[in-house]
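Below is a structure I'd like to ask you about.
Chain nomenclature is as follows: A, B, C, D and E, assigned in order of appearance, with residue numbering initiated at 1 for each chain independently.
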C-alpha cells in the first residue's frame, strides 16, 4: 500500500486529532450490482438499437493495436459513419477496446477505466495478445487471457488486425448489442468475486478500492 | 565729535555681548562657555545702564545732595538701575546653576566638553 | 474673591515654610506642597467660576499700591483664570504623580516645584515686561532644577541624560534672556514704560528703534515656544526629563509662554501677526514631519507638543482674521493639547521602556487604553473634543478669508500628526506586549484619570460654548452618540447582554424616527439601523466580554445615523468623523490589521480634511450652513467645493487611487466586523456623494464636466476592483476588492446624473448591503472553522457547511446579476440608465468590468465549497448558529427583493421624480417599464422556477438510482489522485488570465502612496538631523532663527 | 405583453421545433466539417441515437447535490434563454415568454446555465473541470465585451431595449438590417460571437486531448443527455438574439432556419480554418481586434 | 578514435579497443578507474553527453566467473564520436558507485538497473523506488537466471489449446501445402 493511502492521524483546525483512512474516506466502497433493462421489451430493444448506433470508444490505447485505431478516424475508413466516436473520458464512453498486449501494470489502469464506465458497457479484445498472449506468451509481465480479468464481448483476431477487421468487429458487436447479448457489465457484477480474485492474483500491489466507481 | 559716555558704554556693552556670544558658540569647554555667558550678561547690563544714563545727571539716590523735590530733573532714570540690579541677581543665579550643572556633569561623565553630551538628538 | 496675588503668595509662602520644616519630616513637607498647590488651584477655579458664571469684569491688582507705570500690576481675567487653573492643576497633579520622587528629593525639590508653578502663574498674570522677564528666568531656573528629577542617576548608558539636556536648556536660555533684556530696555527707552498695556498704547512700533526692540523681545518670548528650528533643547528635555515635569513643561509652560506671546502681540500690533503665523506654521509642519520617524515615545510627544504650540501660534497670528472667535479656537486647541499631552506624559511614566512599540504593555489596563484613546482623539481634533470645534472654526474662518495656503498647510500638518499618533495607537493595540506589568498605583493613575475626565468635561464645555457662539447643538448631547458612549460604562457586562442592548437600541431608534426620513434617507436609515442590527446578530457568536467592541461599533453606527439626520454642514462633518473613528477602532480589532487600520484612518482623515475644506470653502465665512444650500455656492468656488467634497467622500467608497486601505482593512477585520465595514460603512461614502450631487449637480472646472470625470473614476474603480479580486488567494480580500468594484458601479450610477442612474445606485446600495454582508459572514464563518482564509487550503466544504454554501451560492448569483435573483434588477436599471446618458465612453470600461465578476465569484464558491476536501478539514462543522442565522435572513431578503423590488424602489423612484423628472419607471402590475425596456421579476422567477423544476423532475425520474460516490472517485486518466491537496485546482486559479490581463494589476497606486509616505519619512528623518545634540548647535539655531525671521520677516 | 395560458403550449411548440432543428443542424454542421476533411461523417440522425443512448444508460454516479443540479441549471438556462426571446417576428404564437423581460434579461440569462454548470462540474472535484472552467470564464469575460458593446450600440441606435422593437425597426428590406445600418457594431458582435460558440480557434476550454473535454469530464448518462439537449437549444437561442439584433429577425420558420444556419456557419467556417488559441492569446486577440470595433460602434452611434 | 585510445591508455589501464564503427568504440577498464576516466572524458575530451548506461548479464558464458558488464556510452557532440567504457562486476551482491553527480540522467538508468538486474547504486536518488514494475516479488527479471516461462506459467492463466508452431515450416505448409 502506498503511503498516501495509509491511515493517518491528522489535526483539525480546532486542534482535535482524528483518523483519516483514505480507502474508506476518499473512495466509495459499494460493489457493482446487476442492472436490468427496461421492463418493457420494446423499450429495451429501442435502447439497444440506440446503444448499437452510438458506440463511444474510450480513447485508451494499450500495446501496438492502438496504432491501428487511428486510421479509423481518417477519411479512408471514417468510422464515424457507423455511429462510432471517441470519448476522452471513461465516464462518457461505453466501449473499451483493449488494443493489444496488456502488461500487469496497464491491466490495473484498464480495470479502473473499465469500472469507471457506465453500464451497459462493452469490451473488445484486439489482436492475439488479448486472446492468448500472442508473441508474449512467455512474458513475465503481460496477461495471456483478457477474459480472465474483465468480461469480453468480442475478440478481433490477428497480429495485428487491420482497420477493416476492426470495422467488421464493431459491426458484429452492434449485432450482439441489438440482440441484447452484450451484457458484460452484468456478467462482471455477477461474477465480481471471481474477476477480482483473478485480478488480484496478477496485480501484486493492489492500491485501489475493489470497485472504482 | 567725541562719543558721549553713554554711547561708549553702550558700544562696550554690545561688544561684550558679541564677544560673549562668540565665546559661547565657539568654546567647547563648559566653564569657558559659562564665562562667555557671564561676559555677555555683563554686556547686557552695561547696555541697560547706558540706556538709562542721562547726560549730566546724578545717580538716582535720594539723600542730602538730591532732595525729593528736584529729583525728577536731577537724577537719571532710576528704572534701568533697578532693572540692572535684578538682572544681575538673576544672572548670578543662572550662572551658579550652570556651574552646578557643569560640576555634576563632570562628576558623572568626567568631561567638560559640550560636544560629548550629544546622546540626545534627532 | 481671593486676590490673585495670593496665587503667588501662597506658593512663595509655602516654599519658605518648607525651608522652616524639619528636613526629615518629608511627609509633612509634601502635605504642605500639596495644600499650597491645591489652594492655588482652588483660587484659580474660584476666579474662573466667577468669570464664567457670574460674568464679572477682569480685575487689575496693583502691587506696591501704585498704578502702572510706577508699579507692577497683575491682571486676572477669564483667560488668566483659565490658564492659571490649567497651570495649577497640572502642577498639583504632577506633584501627586511625583509623590515618590518628591518624598525622596525632600523639601528643596518641593520648593523648586512650587516656585516653578508660581513663576508660570506669574507669567500669565503679570502685565509688566520686566516682571515677565523675571518670571521667565525663574521658570528657567526652576525648570533646570526639575529636569533633574528624572531617575537616571544610577548609572547605565543613559546616565546623566537629563543633566546634559538641562545644560543645553540653560545655554539657550542665556541667549534668550540676553535678547529679552535688551529688547525690554530698548522698548522702555522708546516708550518710557514697562507696562504692557502702556506700551501697547504708546505704539512702540512707531517709536525710534521700537521695531528692533520689539523684535528682540518677541524673538525671545517666541523662542520659549520652541519654534523651529530653535527647539532642539526642548526636545532633549522632553526626552530625558521626568514625565511629570514634561507634563508641566508641555502643558503649563507651553500655555504660559503662549499667553506671554499673546500679550506681547498686543504691543507689536497687527504687523507682527503674519510673522507669528509664519513661525507657527513652519514649526507646526516641521515638528510633525520630524515626529514621523520617531520611535522614542517621549521625544515623539515632545515633537507633538512643539507642533501643537506652533498651531496655537498660528491661531494667535490670525487673530485679526479670526476676531472674536480667537479665544474659542486658541483655547480649544491649547487646552486639548495641554490636557492630552499632560495625560500622555503621565501615562508614559507608567511604562518602563521607551520605544513606541513597548506601549503594548498598556493593553493590560483597558482603562488606560481608553485614556490613551481620549488623548489621541483630543490631539487629532476628533469630535466631540474641543480641538474639533476649534479646527472647524479655524478652517472656516481661514477659508472665508481666502487663506488657502495656510489652510492647506494646517490640514497637511494635522494629517501627519494623526498619522504618527494613530500609528502609535496601532502599536499599542497590536504589537506583542512586553511581560512587564504596568504599575497601577493610585497617585500615578489618578492624574491620568483626572486628565481623561477633564478631556470629556472640556468636550462638553466646548460643545456648550459652540452652542452659545454659533447656535449648534452640543454633540455630546446627541442621542446616538450618548447611546454609543454609554457602552463605555457598560463594558464590564458580558458581550451577549451588550449585544442585545445594542440591537434593541438601534431598532428602537429606527422605530422612533423612521417617519422623519424621506425615502432616500429611509433606505440608508434601514441599512444603517436595521441592517446594522441584523449584522449584530452574528456578534452573539462571540463569548466573553469583548472589551472595546461595542463602544466602537456603536460609535460607528451613531456616526452613520447622525450622518443621515444631519441637516447642517457641521453636524454632517461631526457625524462623518465619528463614524470614521468608530469604524477605525472596529477595524483595528482584527488580528493582523494594524497597518491596514492605519492606512484606513489616514485615508479617512485625509478625506475628512478635504470635506472640511470643502465645507469651509462653501460656507464662505459663515460658521456653518444648511446642507441643502450647497446648491447656492457661488460660481468660482463651486467646482472646487465639489472636487474637495467628492474626493473626500470617495476615500470612503474606495474609489481608484484611494482604495488601497480597503482590502486589508476589510479582510483582516473580525468575522462580524467585515460585514459592518463593508456592507454598511461604505454606504456612508455613497450617501455623502448623494447629498453632494443632489445639491450641487453638475459642475464644470476649466471646462471639464466633473460628473464625467466621476464617471471615469467610477468605471476604472469597477474595473480594477473586479480585476484585482480575480487574483486574490485570500477569500476575504477577494470580497473586499469586489466591494471596491461594486462601489464603482454605484458611483457610476450616481455620476450618470439621471433618474435611473440614481435608482441603480440605490439598488446597488441595497443589494450590496445584503449580499456582501452575507458573503462576508459566510466566508468569515468558514474561515473561523477552517482556521485559514486562503481559499486553496479549503475545498469540498459543501457537505460539511451546507448552509454557508447556500448563502454563498445565492450571494454570487445575486452579485453576478444573473436572473432571477435581485442582482439582475441592478443590471437592468443600469442598462436603462446608460441608454439616456450623454457621455458614453467610460461605459466601455464598465462593460469590461462586468463579466470579470464571474471569474472571482466562481473562484470563491468553487475553491471553498467544491473540489476536493482536505484531510484536516474532514471534521469541520457548520459555522456557528449565530453566524448562519443572519445569512439565512439575508437569503430570504434577497429572494424577497428579487421578486418584489418595488417594495423599496417604488418610493425612491417616485421621490427621485422631484430631482430628475425625466425617465422614471412605470410600475404596472408585475412589469416594470422604462422608456426603453421592460422587466417582470415575478414572471421571470416563476418561469425559471417552472422550467427548473420540470427538468429536475425529469432527471430525477431517469436518474433516480445514481450511486453516490466519494471525492477520489473521479476519472484521472486511469490513475488515481495522489492527495486532495494535489488534486484541488485552486491556487493561482486564473493563471492564463493573469498572463493576458495581469499587466493591469501592477500596484501603481500602492507604489504611489508608498513613495509618498517614504518621501515624508525621509524628509522627516533628514530634517531632524538638524538637532545634533550639541548645546552650541542649539544656541546657534536660536541665533539663526532670529536672523532668519529678521530677514524673511522683512523687519 | 401579458401572460396568457395559451402561451405555454406555444412555447412548448417553439421548444420542440428548436430542439429538433438543433439536433439536425448540429449533425449537419458536423457533416460539413467532415466533408472538409473528405469524410462522410456521422449520419444525420446520429445525435438522436446518442441522446437516446445516454438516456438509456443503466447506471450513473453522482458527486453531490450541485453535481446533480449542474445539468439542470444548464438546460434551464438554454430553454429559458430561448423562451425569453421572441423567435418569429410578428407571430403571437412564437413570441414565447418574452413578456417577462427585454434584451437585458436575455443577455444576463445566458450566464444562468453557464454558472450552474460550472458549479456542478466543480463539485465533481476533477481538476480538469476546474481548469476548463477557469479557461472558459477567462475567455468569455473578454469575448462578451465586443458583443455587449455592440448590443449597446444597437440599443442606442434604435433607442429601445425591447427585442421586438429592434426587429421591427429592421423591417422593410434588407437595407434596413443592422448589418447594413450599423456594420461596425455587427462586425464587433460577430467577432464576439466566434468566441462564445466554443468552436476553434476558441475551444481551448474543452480541449479534448489536453484536459479531457474540460468541465463535463465527469458527466455521463442522463446528465450528459440533458447537456446534449441543451447543446441543441443553446446555440440556436443565442443565434436568435444575433439574428434579431443584427440580421433583421425572422418572420417565418423557413427564414428562421436559413438565417440561423448561415449565422452558425460563420463560426463553423472560421473553426475549420483556424487552429486553436491559448486562453491568453484569445483574450489578447479580442482586446486588440474586437474591442476597438465595439468601442468604435458606441462612439459612432 | 585510436588517438583518443592512446591518450586514455597513457592514463588508465584500458583493455583492448573494440571498434564497432569508425566513430563508435568500446574499451574495458577496471572498476576503480571508471570514474576518473569518465571525468577525464567529460571534462578534457569533450564527451559531455551520457548516451546510455546499460548492463549485460554474462551468465552462460562463464566468462570470468559470471559477471555483469556495465556499459557507459558517451558521446562527443562536436566530433560526432561515441565511446563506450565497460566495467565488469561480480553478479552476487553487486554494488556500483553512482555517477548521478556527473550526469543527473544516470539516476534514471541506475534505477532501472537496480530493478531489472538487482545492481545496487547506493546514494543514487530514488534508486529504491519502483521504476517499471509494480509490486514485483521475484528475482529481478532481466537476470539470466530468472526463468520467465516458468514465471509466466505460474502467474498467468494460459488459454487452453494454444499451440506453438515453427513459423518457417508453418508458412511453408500454408503456402505450399504438401511440398515439404
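Following the convention adopted for this analysis, a contact is a pair of C-beta atoms (placed from the backbone, for glycine too) under 8 Å apart; a residue touches a chain by one contact, two chains touch by 3 or more.
Source: prediction; values computed, not measured.
Shared contact partners of chain C and chain E comprise A. Which two chains touch most often is answered by the contact tally, and the pair is C-D.
The mean-CA centres of chain B and chain E are about 108 angstrom from one another, to the nearest whole unit. The distance from the centre of chain A to the centre of chain E, each centre being the mean of the chain's C-alpha atoms, comes to 36 Å. Averaged Cα coordinates give chain A a centre that lies 70 Å from the centre of chain C.
Shown for chain A are the residues in touch with two or more other chains, namely 89, 91, 213.
Touching of two or more other chains is recorded for residues 59-61, 212, 217-218, 221 of chain D. Multi-chain contact residues of chain E (touching two or more other chains): none found.
Chain pairs that touch, as defined above: A-C, A-D, A-E, B-C, C-D.
Residues 785-788, 871-876, 963-969, 971, 974-980 of chain C are the ones touching chain A in the complex.
By the touch criterion given at the top, residues 34, 37-43, 46, 48-50, 52-53, 56-61, 208-209, 212-213, 216-221, 224 of chain D touch chain A in their complex. Chain A meets chain C in the complex at residues 4, 8, 10-14, 16, 18, 20, 22, 25-28, 30, 60, 89-91, 109-110, 112-113, 116, 207-208, 212-213. Chain contact summary for the complex, chain C toward chain D: residues 796, 798-799, 809, 812-813, 816-819, 824, 827-828, 831-832, 834-835, 840-841, 843-844, 847-848, 850-852, 854-855, 858, 861-862, 866-868, 925, 927, 930, 932-936, 939-940, 943-944, 947-948, 951-952, 954-955, 958-959, 961-965, 967-973, 983-986, 989-993, 995-997.
Residues 35-38, 46-47, 49-51, 53-54, 56, 74-75, 78, 80-81, 83, 85, 87-89, 91-92, 94, 118-120, 185, 213 of chain A are the ones touching chain D in the complex.
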